[in-house]
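In the two assemblies presented below, subunit A is common to both, partnered first by subunit B and then by subunit C.
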Partner chain A sequence: MSHMEWVYALLLTPFATALLAFFSRGLGAAARRAATLFHLLGITLMLVLSLGTAFAVLADGPISAAGGWFYIDGLAAIFLALIGVVGFLTGLYSIGYMRHEVDNGEISVPTLCTYYGFFNLFLCTMLLAVTANNIIMMWVAIEATTLGSTFLVGIYGQRSSLEAAWKYVIICTVGVAFGLFGTVLVYSNATSVLADPSGAVFWTVLLGHAGQLDPALMRIAFVFVLIGFGTKAGLFPMHAWLPDAHSEAPSPVSALLSAALLNCALLVIIRYYIIVSKTLGPAFPRMLLLAFGIMSIAVAALFIIVQRDMKRLLAYSSVENMGLIALSIGLGGPLGVLAALLHVINHSLAKALLFCGSGNILLKYGTRDMDAIKGVARVAPLTALLMGAGALALGGMPPFNIFISEFMVVTAGIHSGHPWLMLVTLLLLTLVLAGLVRMVARTLLGPSPDAVARGELGVLTLLPMVLLLAMMLTLGVSMPRPVAAALDSAARIVLDQGDAPLAAGAAAPWIKTTAKPVPTAAPAAGL
Partner chain B sequence: MTATLIVNNLAGLLFVTSLLVMGVSRPTASAVFYSLQSLVLVLIFVTLAATLGAGELYLWAASAFVTKVVLVPVIMYRALGKLQDPAASRPLIGPTGLCLAAAVIAVLSYLAVSTVKLAVVAELKPALAVSLGHFFLGLLCIVSQRNILKQIFGYCLMENGAHLTLALMANRAPELVEIGIATDAIFAVVIMTLVARQIFRTLQTLDVKQLTALKG
Partner chain C sequence: MENIALAAILVPFAGAALTLLAGQKAAKWLCQLFAAIASICMAELAYTYAAAGKVAHTYLVAAVGDTTLFGLTVDSVSVLIGFAVVVLGFLVAVYSSAYMSEGNREHPHEGTPRYYAFLLVFIGAMAGLVLSSTLVGQLLFFEITGGCSWALIGYYQKPKSLASALKALLVTHVGAIGLYFAAALLFAHTGSFALSGLAGLDDSAKTLIFFGVLFAAWGKSAQLPLHIWLPDAMEAPTPVSAYLHAASMVKVGVYIFARAILSAGHVPEIIGVVGSIMAVATLIYGFILYLPQKDMKRLLAYSTITQLAYIFFALSLSIFGSNLALKGGIAHIFNHAFAKSLFFLVAGAISYTCGTRSLPALKGLLKQSPLLGIGFCVAALAVTGVPPFNGFFSKFAIFAGGFEVARTHWMLLPLVILAMLESVASFAWFLHWFGATVPGETSEVVAASSKVPLAMQFVLVVLVIMSLGSSFIAASWLG
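Our next item is the complex of A and B:
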């Protein structure tokens, strides 16, 4: 198969899986087994295809498909691989989690088929969002992610979950409508200056002609884009949907929302950041990212420290981490960008782990209230161990991966002349750590209630967590070569440096080990 | 010249129909006025197509007629007719406040657009101001209404605003792009309507003030 065919197969796999899962509803007694089997096959194939595509990009340079409508460079490859890994692991976890929910009568078998259908459709829309080169299709895909996941958020049909689904769909569609305005501004700006206006819709073409675009319009457009896609990425003050949707959705969906969806919107912001930095210079977009970033961290940290609901705490942690990534890009320079991209990976792994863990606890205790959850270590020791390690890792404790990226963010901040801002960030991160330690201490330790039966839920709800923690530990102690190469390639794209090496001294410690630079220019046949 | 005058005046009419969508109390009446507004939008597309010689816009007009004048209003009319919650019908802002807010939005949009220096829209600035203002009018509808069904209409108004901006500034975009945006908009309305119905069935209310279980 050629690289282009891989991309088509990658996009079609979750779509076809979704259709099969929906149709399984009509299979009567075999519906449950059939939908689960289709789902398992679908997510496995998607994992193989997404990782295969990402490796192909690292080896041979960017892939352009369907007349330039799809474009996967080193930057997209990271996000693509993350959707693959997180989508597979949360999909696997879903099988164990949903088995419990169906057995206990929380959801019916037809609802289970719908769940698997929308789960895969959601994956499909996210894959579309990160592979899009057509900026209007990028918007369409991000909007489609909302539509694909609304039912997943409200699937329990209870008062609170319906309220969360309503807020989610209204706030995100309205927010993303701002993104459409920004997109249209950029597009129409480009049609009026390009010799061949038909290319104005492609990100690669816009990047090539960024210098010709009107700075005043691009400034307004970036504000619209940041508000629009920032809503979806969970940046303060547009984050209002996030704690509700993340906490009310079934835990595997919470994990997918936090670890994959937020990244997709972030990638779109980064794509515009690259163009706008070239048109206007980086000062204006960086200032906005710094402002939104630090505000998100500050507000989220305060909510984390007073939170009683375990999943809401984790949801606010997503706001905090998205803020940290925005802040890091805003700091600029090779180190800031590398730190941001590494943090995208690290946060996704950690948050997927913790939402899965919170799911196990929720199934055991039937509540998310941290005042009621006690002694998880006695009830389900392995879940408690994984959850505890994950929470400390998320708080930035070595030897896990988040420590490295947060350390890099602070170094980048000091390097770029923002010592006070870094001091404030560190204080806020300490608050977050305190909130996470408080969660671990209150829920995992202590005597367990007699009403809660002891024992783990099963292999499928533990295996994904073990794999996630293993990956976090690996990234924390020794950066695997392909990841380092991907980060290096992606950072050069964000900095618009072409094939030039990253500035010496400011690069991450593992950069020296990179085998060979990954080409960032489009192939001759592409755009 | 006359054609641009028609476009600008029709765009003005969009503003009036928006106020009607927001102002009437029954959601079914809003659906009728929304259909009327979409018809105005279709007329703008047709006029623009003739003026600018942009053949794509005829296709846009046709697809907008099918989706926005017929399909979405019919879906809404049928789905919303059964949902009644008089308690939610009182808006947070009365008609006078609504008109004043709309006037402020119109002035601000006009000022914002006056700085744009794109040759494509030199003669259509009033229409462009309306398209931007219309977007914010939809936002006003969402924040000023207690009835969640009215919030769906607010989204529809925003979407019409964005659609007009697209037609004015990006009318040479590939047809597939327009289809993508229209499909998203229809699905958004369908999904919001389904969630609203489920909320009504489970909670027996359409009042956004009753949706306060989740806080902090």
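Our next item is the complex of A and C:
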């Protein structure tokens, strides 16, 4: 199979799975089993295809398909692989989670089929968003992710979840409309300067001719793009939909929203950042990213320490981490970009873990209120262990992965001459750590209520968490070679550096790696 | 040699994973076993190092390109302190196996695998920190020890202990920000995280990095203005207080400061000025807060704060050129570790047998349990620096060094005198409590006390011996 066919197969698999899952509700008694089976096969195949595609990109360079409509380079490969891994693990977790919900009569079997259908459709739209090269299609795909996931957010059909879904649709659609303005501005700008206007819609062509684009228009376009897609990425002050949607959705969906969806919007912003930096120079887009980044961290950190609702706390932590990623790109330089990309991976794994854990707790206790959840360690020790380790990791405790990316962000900041900004960031991160540790102390430890039955929920709700924690520990202790290589190639795309070697810092500390040799040429080592 | 050193770091981590997986019964034995292996590794390291003629070495462990990320420093200081913290870890593991049991009158409770696993992680992290040759390595283990401290202070899962644990974690994490900055600055200036790069920097860069390190050190070593977490941390089980909050974790601060001074060669004097003024301020503050304390552990916590201030004072004096003060400071890290753990473990044994650690309720310890009476006496004398106990020798070196540099820097003289006055006054105060609790007729609580378990007796005896002899070990080792 050629690389192009891999891409088609990758996009079609979840789509076909979605259709099969939708239709299996007509199968009567076999519906439940059939939908689950289709779902399991679908996500497994998607995992294989997405990782396969990502490896193919790393080995043989970018893949372009369907006449340039799809383009997967090293940057997209990271996001693609993340959707594959997180989608598979949360999909696996869904099976265990939804089994419990159906058994307890929380949702009916037809709703289950709808759930699996939309789950896969949502995956399909996200894959479309990260593989798109056509900028209009990028926008369409991001809009489509909203539509796909709205039904997942409102799947319980309760008043609060419907309200959250409604808020989600309205804010994101309005927000992403700004993204459309930005997209159209860039497109019209390009059609007027390009010799062959038919290429103006492709990101690769735009990048090649970025120098010819009109700087004034690009400046406005980037503001629109940042506000538009920033809404979807959950940056302050456009984040208002996020805490509601994340907390009301079923936990596997919360995990997917936080760990995969936000990244898709972020990738679009990064794509535009690359073009705009080339047209305008990096100062302007960086300044915007720094401003939005630090604001998001600050506001989210303050919300995190006052939350009583566990899933809302985690949702605000997503805002905080997206802010940190934006901030890190805004700091610029190889180190900043590497830190940002590494943090994308790290945050996704950690947040998927924590939302899955909160799902287990929710099923056990029937509430997200941290005043009512007590003593998880006595009720479900393994969930508590995974959750506790995950929360500490998310707060930046070594030896887990987030510590490394956060440290890299700080190093990048000091390097690029922003010591005060870094001081503020570190203090805010301390607040976040306080919020997370307080969550652990209040919910996991202490005596457990008698009303809650002891025991774990089953293998399928634990195995994904174990795998996620193992990956986090691996990334923290010794970064696997392919990940280091992927980060390296992605960072070169963001910096628009071609094949020039990058500065040190790509590979994780503490273990001998032979990443890129001789960092002398790069600015990071020059000071 | 680097393999032994690496083993000393990694064995406890591996042991922690096993301990967590093993059941309740096996946990305490596994913990002792792995702590013993780590101690043997450290002893072997010390032996090989001494046999090879005590030549300092730095081994590269991890690097990216030209950037050193992690390495091991094996020199006289790291081996000495590393030996102390790992061996004390083993002793505390032995002590805990008896202390964390249903026979404990204050906290009848069998130790869980979680307790022993965190203890092992902590031992590994301490070994890693002491042997680390880079600021990133120090930061990594600095944060791990903070995490362990959080888990162990909050071990009993009471709201108060959890609040104290959070406070300790956050205050030390705020301190860690200094280390984040120092590491990033060092990288920005030298392109590497190796501490050896400090020597080649100009004074302004050095000053900034040193302030970062000093701030982190204040946080971890509970100095003004970041001292507030330590007295509350006494909510931890007593063996944990002995090990983390007297012998090892609080020494992380002074150790990284000493390590930076050793690596930097010439250090800007402003660091010495700020360091010594803050140290003396902490000394006086700590002494004043001795006075209202009735809880033996809180009294000891304030005593730890002042003893650490002595070490900061010594290290700051060394910046003005006193090699004697530097050696005294490092020897004091070593000596105080043994003396103060003895004190805490005596306190632990008292609460184990009597069910209270409130000083006014205790009388006539010597009559009821000679070992505890002697232990209390030795610990009090050693901590306050009375000859022939270990604290005297290191304090003497510090004061001698102080007078030596005061000849060229007259403004240091009042600080040295203040520190000496504190030393005398704290001796008087400990003598007061010693007189009230140890000799005489037994009070009700003491008369009703149970026996001290064998494992705890063994540890106390070892520590009594070390409180007498450790300063000779330190002196001969440092030369």
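Assume the second predicted complex is superposed on the first by the 502 of 527 C-alpha atoms of A that agree within 3 Å, B and C clash if a C-alpha of one lies under 4 Å from a C-alpha of the other, contacts with A are read in each partner's own complex, and residues count from 1 in each chain.
Operating definition for what follows: contacts are C-beta pairs under 8 Å (C-beta built on N, C-alpha and C of every residue); 3 or more make two chains touch, one makes a residue touch a chain.
For clarity, every value in this text was computed on a predicted model and none was experimentally measured.
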Worksheet entry | Which of subunit B and subunit C A:Ala441 touches, first, second, both or neither | second
Item to complete: May I ask you to decide whether A:Thr173 touches subunit B, subunit C, both, or neither, giving the answer as first, second, both or neither?
Response: first
Discussion item. A:Val102 in the overlay: touching subunit B, subunit C, both, or neither? Say first, second, both or neither.
Written reply: neither
Item to complete: For A:Gln158, select first, second, both or neither according to whether it touches subunit B, subunit C, the two together, or no partner.
Response: first
Worksheet item: Which of the residues in subunit A end up touching subunit C in this complex?
Response: 392, 396-399, 403, 407, 410-411, 413-415, 419, 422-423, 426-427, 430, 433-434, 437-438, 441-442, 445-447, 503-507, 509-513, 515-520, 524-525, 527
Response to the item:
The residues of subunit C that touch subunit A in their complex are 61-67, 69-70, 136-137, 139-141, 143-144, 146-147, 150, 154, 157, 159, 162, 165-166, 169-170, 173-174, 177, 180-181, 183-185, 187-189, 191
Worksheet item: Residues of subunit A touching subunit B in their complex?
Response: 134, 136-137, 139-140, 143-144, 146-147, 150-151, 154, 157-160, 162-167, 169-170, 173-174, 177, 180-181, 184-185, 187-189, 191-192, 197-198, 201, 214, 216-217, 243-244, 247-248, 303, 306-307, 309, 312
Worksheet item: Of all residues in subunit B, which touch subunit A in the complex?
Response: 115-120, 132, 135, 138-139, 142, 148, 151, 154-155, 158-159, 162, 165-166, 169-170, 172-174, 177, 180-181, 183-184, 187-188, 191-192, 195-196, 198-199, 202-203, 211-214, 216
